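Presented sequentially are two complexes of chain A, the first with chain B as partner and the second with chain C.
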Partner chain A sequence: MSRSLFDRIPWVLVIFIIALGIPWLGSKYYTFLATQIAILSLFAVSYNLLLGSAGLVSFGHAAYFGLGSYACGLLMKELGVPFLIALAAGGLMAAAFAAGFGFFCVRLTKIYFSMLTLAFAQIVWAICFQWNELTGGDQGISPIPYPGLNWLSSVPGLDGFRVGDYFYFVALAVVALCIAALHRISVSPFGRMLMTIRENPERASFIGVNVRAYELAAFIVAGGFAGIAGALFGIFNRGVFADFLYWPKSAEVLIMTILGGMNYFWGPVVGTGMLVVLNQQITAYTEYWPLVLGTILLVLLFAFPGGLLGALHAGWTRLRSGGRGVRPGA
Partner chain B sequence: MPDGHACAAAGGECVPVLEIVNVTKRFGGFLAVNDVSLTVNRQQIAAVIGPNGAGKSTFFNLITGYLQPTAGHIRLNGHDITGVAPHKISSYGMGRSFQRTNIFPKLTVFDNIQAAFLVHRGRGGNFWSRADRFYRDETEALLRQIGLLDQADTVGGTLSYGNQKQLELGLALASDPTLLLLDEPTAGMSANETHDAIRLLERIAGERELTLLFTEHDMEVVFSIAQKIAVLHQGRKIAEGTPAEVRADPEVRRIYLGHH
Partner chain C sequence: MELQFIFSQFLSGLTTAIFLFLIASGLSLVFGVLRVLNFAHGTFYMLGAYIAWQVVHWLSPSKEAFWPAALLAAGAIAVLGLLVERLMFRYLYDKEELYQLLFTYALVLILGDAAKIVWGTEQLSVTRPPVLEGSLRVMGTLIPEYNLFVMILGSAIAVGFWVILTRTGVGRMIRAAAMDREMLGALGANVGWLYTGVFVVSSFLAGLSGALVTPIKAIVPGMDVEIIVEAFIVVVIGGLGSFWGTFLGALIYGQVLSFGILIFPRFSIFSVFALMAVILIVRPWGLLGRPLR
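Moving on to the complex of A and B:
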């Protein structure tokens, strides 16, 4: 079967280039939205290594996002550590905590696993919320300095942008590299092992998969990349707050992932874009935005149980088969 | 290497592959497996039979590490594997299938088998190469052997029941086991499917010089391929021997074969 023109377009590259071009629109608001979508996309894609690949439902992924943002923010603000080093430290910090907590979490299965991830996240939140000397307690840490990115203005074609635009370029590059790494991981033999665990953990162990060890490894990798996303978000937000690791943030990443389609690698990115835009639009129009947003999400989740990408995929398949419907039992 | 058939028949120079020594499993107050011992020698085809609820599946789950015995020991090729985790036992050369079909339902037939190769050959920790490049030839060869090559791209869960059983056999074989444990390999199959499945098993066991231990409810199947049969009844082993010996055993006749 020859691939159609549509299949041959490198969509990921096209979308990346479009995203890269957003600062040329000259709108502060669009750059703001795009930065938020890019960073939270990485958060959601890291989460989907657990949910979509390994079938692990974590209710506490925000803990690693928040830990990464605290580590990076503190290093940059208090110790003046350079951006890239602080960023890496944020990821490593989150990964280290994921290793410690994950060690216990993967000993449980299903809902017990989920509850323990939530419990650890709430403990971390409580500590960050209380520990005034280190984390600033409920005041958080702010302002976090922007990394020194003025050198970007000497790159031909990049002069004359705002500092927020420069940070967007850097954030987009970091996010793209991290998502590319997560993509490689998800199609690797390691990723395949996670799929066998998702499909049938019992069978996986009888073909020789050390289920707990693989789950722990996935937990650490997902936590580390969530930490990098959190580190970027703290800088973008110009401050780190305990909200970053509170449970609604964990619920948000779960919703973004399911909304976009957890069975697709790019599902979480689509879901993140959708949620961020909806959030902005609705907040602008009504003070009852949580209610409206909740209703819209409910409708979307019921209408597209496979997520937005699942619906697109099904629609596309139907279109191509000339309206004869999806092959039954395919 | 001693000929397995001659070994089983003559009882001569036999190399024990699997030694089960006085194994007991208690669920609460209920003895599902009660002080059972059994030795299976290299390249022997052995069967555990017994009526429903006799304890056959429990016995298998004890051997494969899925359940911990309350008492007793299990040795595989001389190593004590009592209480060892299933993924380790698998790496010692034991493959198993389940009574209720147990595959990776959303992966294709090809990916099911390839995943088993990946883990068994120690590639599971590789997180930087494309999984689909590995072991294509090995996977195809195994699919051909179990008769599923033409279904390679079918999603496992959509296969017919008999084909799913074949796929499960493939999963067990991908780890290149020396000992294969099959729990009711023909359960739920039609007479034709049963016949084909048994011929397939016999052929594969011969080609791969496997030691085979299986449970069955179908007597015809058992007597047609097993060289050694153990009979379980209410958790106890009430007889053991060649098909002829078991067939002639008065207690077995009373409890089991009386219905035939």
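Moving on to the complex of A and C:
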């Protein structure tokens, strides 16, 4: 694989700079959407380290998202811990749980792996849902204080924005750093080795790779970044609820990833953007969002199994080959 | 704890178990042959309940409407299963396992909302059929006759299933498919129709259990995802694709839930998921299952 000009563009930086401009549009709604897309993108990109790179289908990724948001939310609300420390603690907490659970999960393959990730996630959910003293049970934790970001208004050119805009700047920066890190990881020798394992775990173990150790490392990294996404989301949402780690949330991140294209690093971001915008547009008209989502999923499975980016890629390849119908990857 | 109290707890666990067995057996059957966990199985169950309610409602002055309603519901869901498998699902068999899973999840989303559109979000309920309105006293505990009927029916279905699986040609094909479906196809068996048949039978069972549960539980949106998670736990405990494993899994689940509520009232949900996790760690293929090849 030679690196084309396209690959040499630092996409994280480009997208970060473009996204940074959104508050200048002056719409509270756009900033709201962009914050949500940014945070959930990180969640989905972290998930794709498991699904796309390592080929591990987790049904319990929401657990780490939720653990991060509970840890960060509790630290900020109950102990008044500063934002950045609480954020890091959220990520570490999620990574620690991912290490404990992942240790057992990577011993299993295929559907059994998926089922065990689901079981662990549901255990965490059941505890958070019923441990009223700590987590507030089904009431959740709210309100979570916004981090003190007024110092941002003294930065030249940044005065006069709303609190939500300042939080967006900070969240976007954190997300961009994390996505850049995940990108480095996915193109590193470690990331390449995950792909080798995905393609042929038996051969990987024959050439002396400790398959389980690699998978566990991927599980921990993915869990940790999901925790950071969860921590940001809890603040954005002004509250943390047990729904954050319930299994439909895990299904949601899976759908976002597939929708954009799990074989592309940016697939989950595209999928998240599309799903969040569609959700906002459609729930304004009808309460039957699941019906729409299910239909999108059906169309995707039958017509564009490679996701949106997969379809675009195929179209682009056909265009360049002068319509001779060369299929991608052929 | 008194013996009588323990007995009544045991019976309530047993009732839960038989229902779960009826539902989970279809799920396990499909997994055994098609190698797919059918998320939509719970939705078929819910639709069975709604259709049974609808038929009872249409025939409303009649007191015995429950019986034809239950049969019609099961039949309707079997037809739905036939359409889903023949028109859509089978085109995904050569795709990745994940896509097949997502297909069944798409059905959950679509059919769940369709049920909301047709029947609304209010609780619906069906009264017990008059023949089985009474209760029996066993060891000082009152058991509704209807629950007893379901227990007997469930056990009969279990035995019938077992006879079909072990004594008939179809059963032999199903067991062969569970062991090595490529080889079965290579030997000239019509695997395509076997898949369809298995999917239809499984849908029928889901529809039937949905109809049978209506006199005991209220019909509400969301009962589909609630039951599918429970059924997953049952088949994982017993062994995915294993027939007696599903039966054992359902019995264990029923008792753990029933006594778990007494021991840790707040953490009963926790205890069944913990059980599922422990089984997966110690014996991933379940108590009576076989490792997948």
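One rule holds for everything that comes next: the second predicted complex is superposed on the first by the 312 of 330 C-alpha atoms of A that agree within 3 Å, B and C clash if a C-alpha of one lies under 4 Å from a C-alpha of the other, contacts with A are read in each partner's own complex, and residues count from 1 in each chain.
By definition in this document, a residue touches a chain if its C-beta (ideal position, glycine included) is under 8 Å from a C-beta of that chain, and two chains touch if they have at least 3 such contacts.
Being a predicted model, the structure only gives us computed values, none of them experimental.
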item	value
Partner with the higher number of touched chain A residues, chain C or chain B	C
Which of chain B and chain C A:111 touches, first, second, both or neither	second
Chain B versus chain C as contact partner of A:57, first or second or both or neither	second
Touched partner set for A:28, first chain B, second chain C, both or neither	neither
Chain B versus chain C as contact partner of A:320, first or second or both or neither	neither
Partner chain A, residues of chain C touching it in the complex	37, 88, 91-92, 95, 97-99, 101-103, 105-110, 112-114, 116-117, 225, 229, 232, 236, 240, 266-267, 269-270, 273-274, 276-277, 280-281, 284-285, 292
Contact set on chain B toward chain A in their complex	64, 66, 85-87, 90-91, 95-96, 98, 102-107, 111, 114-116, 118-120, 123-132, 134, 158, 171-172, 174-175
Chain A to chain C touching residues, read off their complex	57, 104, 107-108, 110-112, 115-116, 118-120, 122-123, 126-127, 129-130, 247-248, 251, 254-255, 258, 288, 290-291, 293-295, 297-298, 301-302, 305
Residues on chain A engaged by chain B in the complex (per definition of touch)	184-185, 187-193, 195-196, 199-200, 202-211, 214, 217, 221, 329
